[in-house]
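Below you'll find a set of structures to go through.
In the two complexes that follow, chain A is the common piece, with chain B as its partner first and chain C second.
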Partner chain A sequence: MAVARPPPSPPRIEVRPATRSPRLNLLRTGRRTDDQRSWWGLLYLLPALGLVLPFKFVPLVSGFVDSLWHLVDVGGAGQFVGFGNYARMVGDPEVVAAFANVGRVVLTLPVWVVSPLLVAFLIHQRTPGWRLFRAVYFLPYMIAPVIVGSIFREILGTSGPLNILLRSVGLGWFAQAWLGGINTALLAVVGVSLWSFFGLGVITYLAGLASLDESVLEAAALDGAGFWRTLLSIVLPMLRPVVSYWAVLCLGGMFIWMFPLLFSLTQGGPGYATMLPEYLVYLTAFQFNDRGYATAIGIVLFAVVSLASFWIVREMYASSVARERA
Partner chain B sequence: MTVFTGTQLQSLGRLGRSWSVTAVLLVGASIATYPLIYTVMAAFKTRSEFASNRLGLPLHPTLANFGQAFERLDISRLLLNSFVASIGGVVVTLVASLLAAYAIIKLRVPLRRFAFFLIVGSLLVPFQSIMYPLYDTMLAMGLIGQRIGLILAFGAFGLPFSTFLLAAYLGGIPDELLEAARLDGANSFNILVRIILPLSIPAIASLTILNFVWMWNDLLLPLLVMGGGDGKTLMVGVANFRGQYDVNIPLISAGISVAIVPAVIVYLLGQRQLIKGVVTGAVR
Partner chain C sequence: MTRHKHLLVFAVASVVAISAAGAVSSASAADSGTHTPVTITVFNWGQGGDQYWADANKAFEAKYPWITVKAESVPFEQYLQQEGAYINSKSGPDVMANNVGLELFERKTAYLPINDRLTPDITGQLTTYKWGCENFDTTQPCYGLPQSFQGNVMYYNVKVLQAAGLDPQNPPATWDAFNAACDKIKATGKACIAMGTGSTVAYWDYPEIARNYLDEQGIVDQFKGKIPWTDPRMVNILKRLAEMADKGWFQDSASTIPMLPDGGDVFTSGNAGFIASIVSDVFNWKQWGDAIGNDNLGVMPWPVIDANAPLAHKFSGVEGFVHGVTSWSQHPDEAFLYVAWLAGADNANLFLQEAGGQPINKAFNASLITNSPSFTKIQTLIKDPTLHAGVLLSGKEADALSRGYQQIMLKQITVDQWVQQMQAALVASPEKKP
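Take a look at the complex of A and B:
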């Protein structure tokens, strides 16, 4: 932000009382002069409320109700089952597999948190071409995930570029149908999604790095701290708020942003190998027509995401407090 | 700006270091771009060339795949559907969120805190939890399979973030400006159009780009509302390419290459606004 002001300051700014805080000012004028007019002002809220209520809150409430019913016949009356749908999930191998899979995906979280930081830190060194690198790394995030999936089905295919590369460097024994193998499919999906979201992480960290105090980094360099030491012992702790923001974003993404990738990569297969809860909700509702059950799975998913995000935020907060005390 | 400053010896080391940094970044950048380059190259190959020369540059580049993509995959209709839905969704979102932010921040209407909480808080309602009930509700309103249904749904899902950002932005516009206009006899709508709107152009530009890109790229909402019928968007079409033309990779690649273009153009034109908007929330 440029601080310099043009010498002839416009008269408007002079009128402005500098002593009052804008927030207080806001509230006071509201009480005093606007009361009559403001009832009229409610009209301005109508379009927004007219969108949010039918598209968010009506479905949310009716979703809770639906999840207590067994709804299978289209148009037919359902049967009230109370929390039966929730109880049914515990013994449903597909649901268990889906939640176990998302647990496995969450285990890769450290890679998601550290690898974009590494790249952002390198770009932050302002080496030749850093602007171009920033633009290039962000590019994949602009590509729709469903397209990313289509592209990588070919890249990871049996005779695709990855396997050709492996064969050409003598690792032919390692070449395989990455998306077709029970053991590799989920890992491949994680890899593709990391490719897709990586640029967002780089940009997020770059914004964080730009807000750091450079003199601390210079002092570290003078004290002889190397690259890794600086990154792990200085940059990472100083960026803690950004790191936890990004971690929560990734975690949420693992639970609720994977649908288009799964849709075009594996459709949850082979078997249940890449089945994730969000994809299962879609399948259960629109392929198996088991709507009450699907909604119940969706609500459990929501609860799990909220709890996991809460836990991450608390862990990060707790460890930063412990660090400050030590 | 760099981490390593000081004596000449250090700056010599810095030179070597900066090249090794560039080398590492180059490796990562090629991983980020190669899949896209591969796809675009495949789009210019004939099927027989693709079979014999999968990785190399197209030796006999052809536009035939693009012609076929427009003919057989009906790309022009898909493009049109996507443009109508995305632009309509952007307009609905921006109009509704600007009006709401104005009422909440500048008119200070009754119940404004509650309204703000309702609108912005709906960001936390995850799509998966309301997927079927949303479909059900929209069916009851006669909006399933209708373009206007998708536009309104996009509008509703773009609303929380847009209102949040615009509310923060309007908070920075001095009240004295509005007070002066009011004394001159302007009513609240005049003030909105003549003062608030022109001043909010930077925020609106940023939101236009952000919302357009996600609406253009979204799969689940268009799939839910429009299904696979005539009104399906480009992304739903792309998802179906694979099943239908799995053996013809060059044709699929041509379709994908066309589908990527609008988002990439928007990215190139509005990179700065986009990046600023995307990191809102990361750094306070």
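Take a look at the complex of A and C:
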């Protein structure tokens, strides 16, 4: 009698974990893995890096190296002085004056930040004539700064239209050499700069206001919030990233965008009343031929601008992260 | 196949024909001989006007047809900065210009020494060319050839002087007489001297005061950094400059407008009796004469402060600007031909007639200018030149002098403070280490 054998065991099928190949995963789901996202991100960054590295990073490093040398003879080997150029800056009254002046300019930052916001909010509220104002305020930004400087050099002259106007309306006591006074010269330069860049701020804020949820503003109006309450308690908090962005832009501009106006308005004078670090770098490098020293001033200027911008951007990032978590 | 062969033969023949035509045309485009067409770039501040440079370059190209000149210019107030950018990058024009003295020597490494290219034919035509050479010695490296003879004078508006009761034929010759004349001019509502700020203070005004306090050795010593600004002679120079502002010789806007061009506008608009400027190129007899009328323009030397000073009656004359071959030029031979041509006789009368220049080439014909009494008088004034103290200031000193003078005009600093600023500028001038 035959013994029944148990049926053969079914072939052993090895069950693999439910992970797919990255390529299969991508094809089937359209989603990338974290590693893939990293590589793709780097790929998208490459064009920007290709511009930043040779045109920003390399000159920065080269400039720092030059700042360690005493370079006055063009084409000459120069003399290595280490941080001697930086030490020289500490006791140099011209450098001290330049950085003190830019510090005074930075004190006007609140005006640069707030005044365009006010105008932008008025335009956003469709104040009568808002279309005209929106165009008119941007016009000065379209004029080249050196042309603006040339125009205002005439306007602010001792016998210029501004003083003529003041005298004609009985304010002759207020007429003065706007570009010649120790205190008025720098204020005049700041005023002209603000006039020139004001429109850019208005447009920037208008773009931010356009992205606000109108229902919030409507609700505030229904609740009886007036112009200032709406602006300060609702619009300003919601526009904080835009405000921070514009503040960084203005801060950078104060340090490194004033050159065309300085060149055409005052050339740093009278004396050193309107001397700013960027203009001093220019004079030192190209008029005095002291390239190593000029580069050292430029490196310090870069460091100051970087620190200030980093702080503002960090504050901006921290506040936006806090809002997201909330 | 036959058709293809015919096409091939036709194609080859066409290529040969086109190549031959090209060879013939390039051969005819070149000068006789073996000159290859070359383009050189010349960078200056357009001294003498665009029309002059257009005509000069055309004349040069006619003489050297294988050389094309590409002209580039910016106003002088921006020239040094733009030139500095070229120097630092060691690239750019084949020919550049600089005023002689420290302005040139601070940038000497941008130029090729041209001593080995100079011949008696070239140098023998020139009144002098030493100011473009190191230590003003033609046996040492020379960095360019001059085209003009330059120096400082005072021009005046004849009608303004007449209205003030002054005699235009006998303008004030001494400092005290000039002060009295200024009082009379101011009484008519005009400014005595049209003035503005900028580097012209160092080059147009300072040397004329310095001649009364420094002799030639003193000027050389100051150039070499051997005389501090605290020296009584230098202090007196600054005091006299300050005195001009303190006495109200300038118009109200002097402290806030640039001399070029706004200060000049004050003179040409008839609002000032005098203007201190130069004899050649720009802001000279030609420009002022064209503006207010040649017969209405007078010229005189600066009023004398100390009649017994050795240089008091001399003319602060110097080679004006020089053109030189840049050290990075790919066409130094052609560039030198241009430099030599500018200094040569062919250009001298063109420079005189079209640019109002004062040629330094001996071959120029002064009688070509018949309508400018000022130009005729200048030919007499320049006969007794001395060293020009202004061109021997360093860049830092010239800048400090100009800025300080603006502050003096605005009464923001005292002369003592100005002296300290000038001394600091001297100390910071590496080329003036004694």
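Points to keep in mind about this one:
Note that the second predicted complex is superposed on the first by the 251 of 326 C-alpha atoms of A that agree within 3 Å, B and C clash if a C-alpha of one lies under 4 Å from a C-alpha of the other, contacts with A are read in each partner's own complex, and residues count from 1 in each chain.
Operating definition for what follows: a residue touches a chain if its C-beta (ideal position, glycine included) is under 8 Å from a C-beta of that chain, and two chains touch if they have at least 3 such contacts.
Computed from a predicted model, the values in this text were never measured in an experiment.
In the superposition on chain A, A:180 makes contact with chain C only, not with chain B.
Applying the stated contact rule after C-alpha superposition, one finds that A:287 touches chain C and leaves chain B untouched. In the superposition on chain A, A:125 makes contact with chain B only, not with chain C. Within the superposed three-chain arrangement, the count of touched residues of chain A is higher for B, of the candidates chain B and chain C.
Contacts of A:171 after superposition on the shared chain: neither chain B nor chain C is touched.
Legend: residue contacts after superposition of the two complexes on their common chain; A:305 is shown touching chain B, with no touch to chain C. Once chain A of one complex is fitted onto chain A of the other, the partner contacts of A:207 are limited to chain B, with no touch recorded for chain C. Judged by the touch definition given at the top, the superposed model places A:150 against chain B, while chain C stays out of reach.
The intersection of chain A residues touching chain B with those touching chain C, taken from the two complexes, comprises 153, 159, 282, 285-286, 291. Residues 80-85, 87-88, 90, 106-107, 109-110, 197-198, 252-253, 255-257, 327, 395-396, 399, 403-404, 406-407, 410, 412-413, 424, 430-431 of chain C are the ones that touch chain A when the two sit in their complex. Note for the complex: chain B touches chain A at residues 1-6, 18-19, 21-22, 24-25, 28-29, 31-36, 38-39, 42, 54-55, 92, 95-97, 99-100, 102-105, 107-111, 115, 118-119, 122, 125-138, 141, 152-153, 155-157, 159-160, 163, 171, 174-177, 179-180, 188, 213, 216-220, 235, 238-239, 241-242, 249, 252-253, 256, 259-260, 263-264, 266-267, 271, 275, 278-279, 281-284. The touching residues of chain A, when paired with chain B in their complex, are 12, 15-16, 22, 25-27, 29-30, 34, 37-42, 44-45, 47-52, 54-60, 62-63, 66, 119, 122-123, 125-130, 133, 135-140, 142-148, 150-155, 159, 161, 164, 195, 198-200, 203-204, 207-208, 210-211, 214, 217-218, 220-222, 230, 241-242, 245-246, 256, 259-260, 263-264, 277-278, 281-282, 285-286, 291, 294-295, 298-299, 301-302, 305. If you check the complex, the residues on chain A that touch chain C are 72-76, 93, 153, 157-159, 177, 179-182, 267-272, 282-283, 285-291.
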